[in-house]
């Protein structure tokens, strides 16, 4: 439990808070009767895990639209290993992660050479390639996907049949990811990432190789995405290529942005919680739902660009004076200084 | 600190807004008279897609009318049907979430009307363990699967086929070779395969199947490919009935295709003709929509009249998915029970036949999917040929005869 | 492959390629000028088709007039979008805001717009799919080659628009200003130019190009709310292949993708798309910045 | 043996010849000034030495090892630190974090140990914290260690940039205009700092416009004009050189 060293160093308060949250997360589903809400919570855990991988790449200044690609790789690899090679889920999982790591290293080495817009587009294209491949290649199930994916084998007395058990599995994935990522962010690796994000040039003159550190982030992010994908496949018991399309990647981005980009771990969790539950409430708006979601998104980005956590931490003053000055700037067309 | 508090309150109010909306009186229907109970029925449709919105409109039109006119009577108790419809965004995850909500939150025991194989298949992982009865608009092997006991397909794509090719033979006696032009997805590939099987049985030679990505608008490359294969007939299994079909016809026409055309689906003529010239449709043999036959059934003409009165623009596509509703009503009436398990086992074992705006329909078995219960649908059909800008009626087939024809075409004597 | 087939495939490739060229030129002008990766570009293309439908099909106005008005209308829409959304967003940024942060937030805002425009069109214009009767329905059939006149007209129209755009960007002071802003907005500001309206103009021009692309292609395609949904993926692909910020690269990339898809579908069938995508990744191994662009942040 | 040897370096941007056949050397523990009018190629030369550009011709040797065309981070790793002309900092981080990030080069424990937060890695981390604090003290920034870099006044930002570069413990430090825009008293303080940096065992190469500062600070001076080396020598010699005066004529009084 070495990564916990940091927490114990005179940070009793934080540790206590973490313990309370942990206990709450474990007890929470026991208080919920509805399987529907449990399903949503499982999707929140998986979504938050994916959004954390997005945040990790963003912490190096890269914007990926390909998080769904390795989610799909994990789902398909694990499914094929379990269903065709007859492996146990628990044996297939490490092999899946290994495959994802190798793929991520190969493609990452190519993709990461482009920063900025080019990286956004190429990861989007890569996600599209994965979807197309899954649809076009028959041994991957074609467009109809694969059904009847078995549940993970039980470990001793723990059986993976109920939603509750999958909630704990997904929660374990989420917490493990959070722990690993926190360890990375708090080490010099995380500092190097942040340096690259804030100024690649300056980072270079400090002896940090942006390329290598970005590839490292890409590989770690991809492994974690594959882990989430593998859990997803065995939870949903059927996978189709469409489920991993471009929209998923965009939604993953939304989770991270909405939660607050400066909060690499808590932001994705809050973001996915909100972005999964609010549209569910909006289902009653029927066909107006996408429009309302779109407007909500714009409002948050335009008026609370720090995301939910950023806004709670540093609430904007909604004074008349500020609006007045904003109006004046709009009239004169000048840039605002940082006070806004 | 005050500012922060105010902000948090605002934020919470903002988040709670949807909850408030859901609780507001407008959302709950007026309480029905005491002796009539309300039965919740679920549906999940893609609201980001024309098809889903049209189906929703159709349900919103026929269900209140049905409640007012006859209603559903089970064991002497009259029920008003209340449809809970959610958006599934046409995706697997969306379908799964919608069905989870219908089953676990709204506690519906019947889901009637789902479109698209991805959301349906995803939903089945919820409905089957929960023993919820599903009538869906899909019939792929992943849906009509021997492991699934509570799902019934009401899509009639495949079962349309067997009699179509004899009519084609009759209209074009010299035609020998066929090329399929299909969307590159599960439905398109399945249907192209089934079409090839039936066409071969009817004495045609299938040269090839050309697949195009579903959202394609530029069909020129595919049309040139089809023309370069030089077939006598082009068939369109699984093609969307609207402008997509029109664009395909137009592209073939522009590429110089002169042969015969056959459509296993009733085309949405107004949309097709908005993009394709009349000449491009000349001589097409097709299933005719029930509203366009010389003597349409009263149900069909009433449906079209009601639709036009309520929504204006007539949508032939809206007819496509409503048989599920009539099937459900008939199934419950026949079993005289609201227990989905009882209804499912009754109609699985004894079959079901019903009347809808689409004509008479009945359940059939699917031995080719190793499914020996009544689980898929055949519906009476009308055939026509498109000449000089309108339909020429060729003939029709009843549901019973169609079932027999299917048996002969697909199940090779294994039918018992 | 016969000559006739070859010519047909070539014309198809050029038609579709020229539409992508227009789309991507718009996308690129917006990206370079205002640093916004506009995911709603496909929806602007779709709106262009709807506006064209209104002017040409419903009101029966002259084709060229309708097209010009479509360009203007979408330019106006683009301007309103910029003033309403992206200008407000730009005010949130400080000089120290990193490039990736700006890029991400503006891209997310455009995703919000995309949802609104897409579903708004579906609800506003109804579920009915429409078509525009082509003004030149004739088919040229000579020497065994069949070519649709409308497709040739589309290629010609795109060519004219590209030339006009080239003249605007290179021969007018406004064009020079736009290019200067795209390289170094700070320096332009220091020279006393109000860059704000240059940004607005960039966005409006890019939107107008998307609208023109949609308007031109509408008589050949159909007009549906979903038509903008998938065009964005290939547009981004073209942008990347051609090289971000390269006028010639965009044109080469658009035509290349048109050719690859047209001949690919003929020769390989459905997997052609997969091959095209793989090929792009291979190109990027050797040319990280695209065919004619520079690898740059 | 010179610490840095620039040998016949030429750099061409399109049609513009930024540097033509420039050679000079930097000796250990000297403060060498690089001056010249605008467009003389001083910044280009810095970019070549620190690896941001690759020379078209010629070689650059550092401690007798050729570094021509190596990656920026490799060159930095060999012990060449640099500050940019515009204050380039991690603007959204605190002053302390800026310097702490600069210490990247000095970790000896492997990265996976740092990830696992092993005892040795934690100890190393603690040592580097102390080191960062020491550098802040040295650059007189200790009082504002928790300020955001973006909020610092201009002069302090420049000190911070130097502090970050010092965190790398370079053997050669390239300073691009460290005192330009400062008032005389600030300039004096900064000049003093630069001398102290040399006392820490660091060789300094300066590009500067402020002639008075350059003349008082530098041991030797290299003058560039229009991409070519004009003259090289002690401040006194440069002051009296006719060609230098011509190059600067009407610009500045030496």
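As written, the chains take the letters A, B, C and D, and residue 1 is the first residue of each chain.
One rule holds in what follows: contacts are C-beta pairs under 8 Å (C-beta built on N, C-alpha and C of every residue); 3 or more make two chains touch, one makes a residue touch a chain.
This one's a predicted model, so the numbers in the text were calculated from it and none came from an experiment.
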Neighbouring chains shared between chain C and chain D, ordered by label: A
State which chain is most central when centres are taken as means of Cα atoms. A
Two chains joined by the most C-beta pairs in contact, as defined above: A-C
In terms of mean CA position, the chain most removed from chain D is B
On a C-alpha centroid basis, what's the spacing between chain B and chain C, in Å? 35
Averaged-CA centre spacing for the pair chain D and chain A, given as whole angstrom: 40
Roughly how far is chain A from chain C, going centre to centre by Cα mean, in whole Å? 31
If you average the Cα atoms of chain B and of chain D to get two centres, how far apart are those centres in Å? 72
Multi-chain contacts in chain D: which residues touch at least two other chains? 91-92, 150
Two or more other chains touching the same residue: where does that happen in chain A? 136, 198, 287, 290, 338
Chain C residues touching 2+ other chains are 94, 96, 98, 118-119, 122, 270, 273
Pairs of chains found to touch, sorted by chain label: A-B, A-C, A-D, B-C, C-D
Taking the complex as given, what residues does chain A use to touch chain D? 2-3, 5-6, 183-184, 186-189, 191-192, 194-195, 198-199, 201-210, 338
Which residues of chain D touch chain A in their complex? 50-52, 71-74, 76-77, 81-82, 84, 88-93, 97, 100-102, 104-105, 107, 111, 114-119, 121-122, 125, 150, 164-165, 167-168
Chain D touches which residues of chain C in the complex? 94, 96, 98
Contacts from chain A onto chain B in the complex sit at residues 34-37, 39-40, 43, 135-136, 142-145, 147-148, 236-240, 242-243, 245, 247-248, 274, 278, 280-287, 289-290, 308, 311-312, 315-318
What residues of chain C sit close enough to touch chain A in their complex? 31, 37, 39, 85, 87-92, 94-96, 98-101, 103-105, 107-109, 111-116, 118-120, 122-123, 194, 196-197, 233, 236-237, 239-240, 244, 270-271, 273-274, 277-278, 280-281, 284-285, 288-290, 295-297
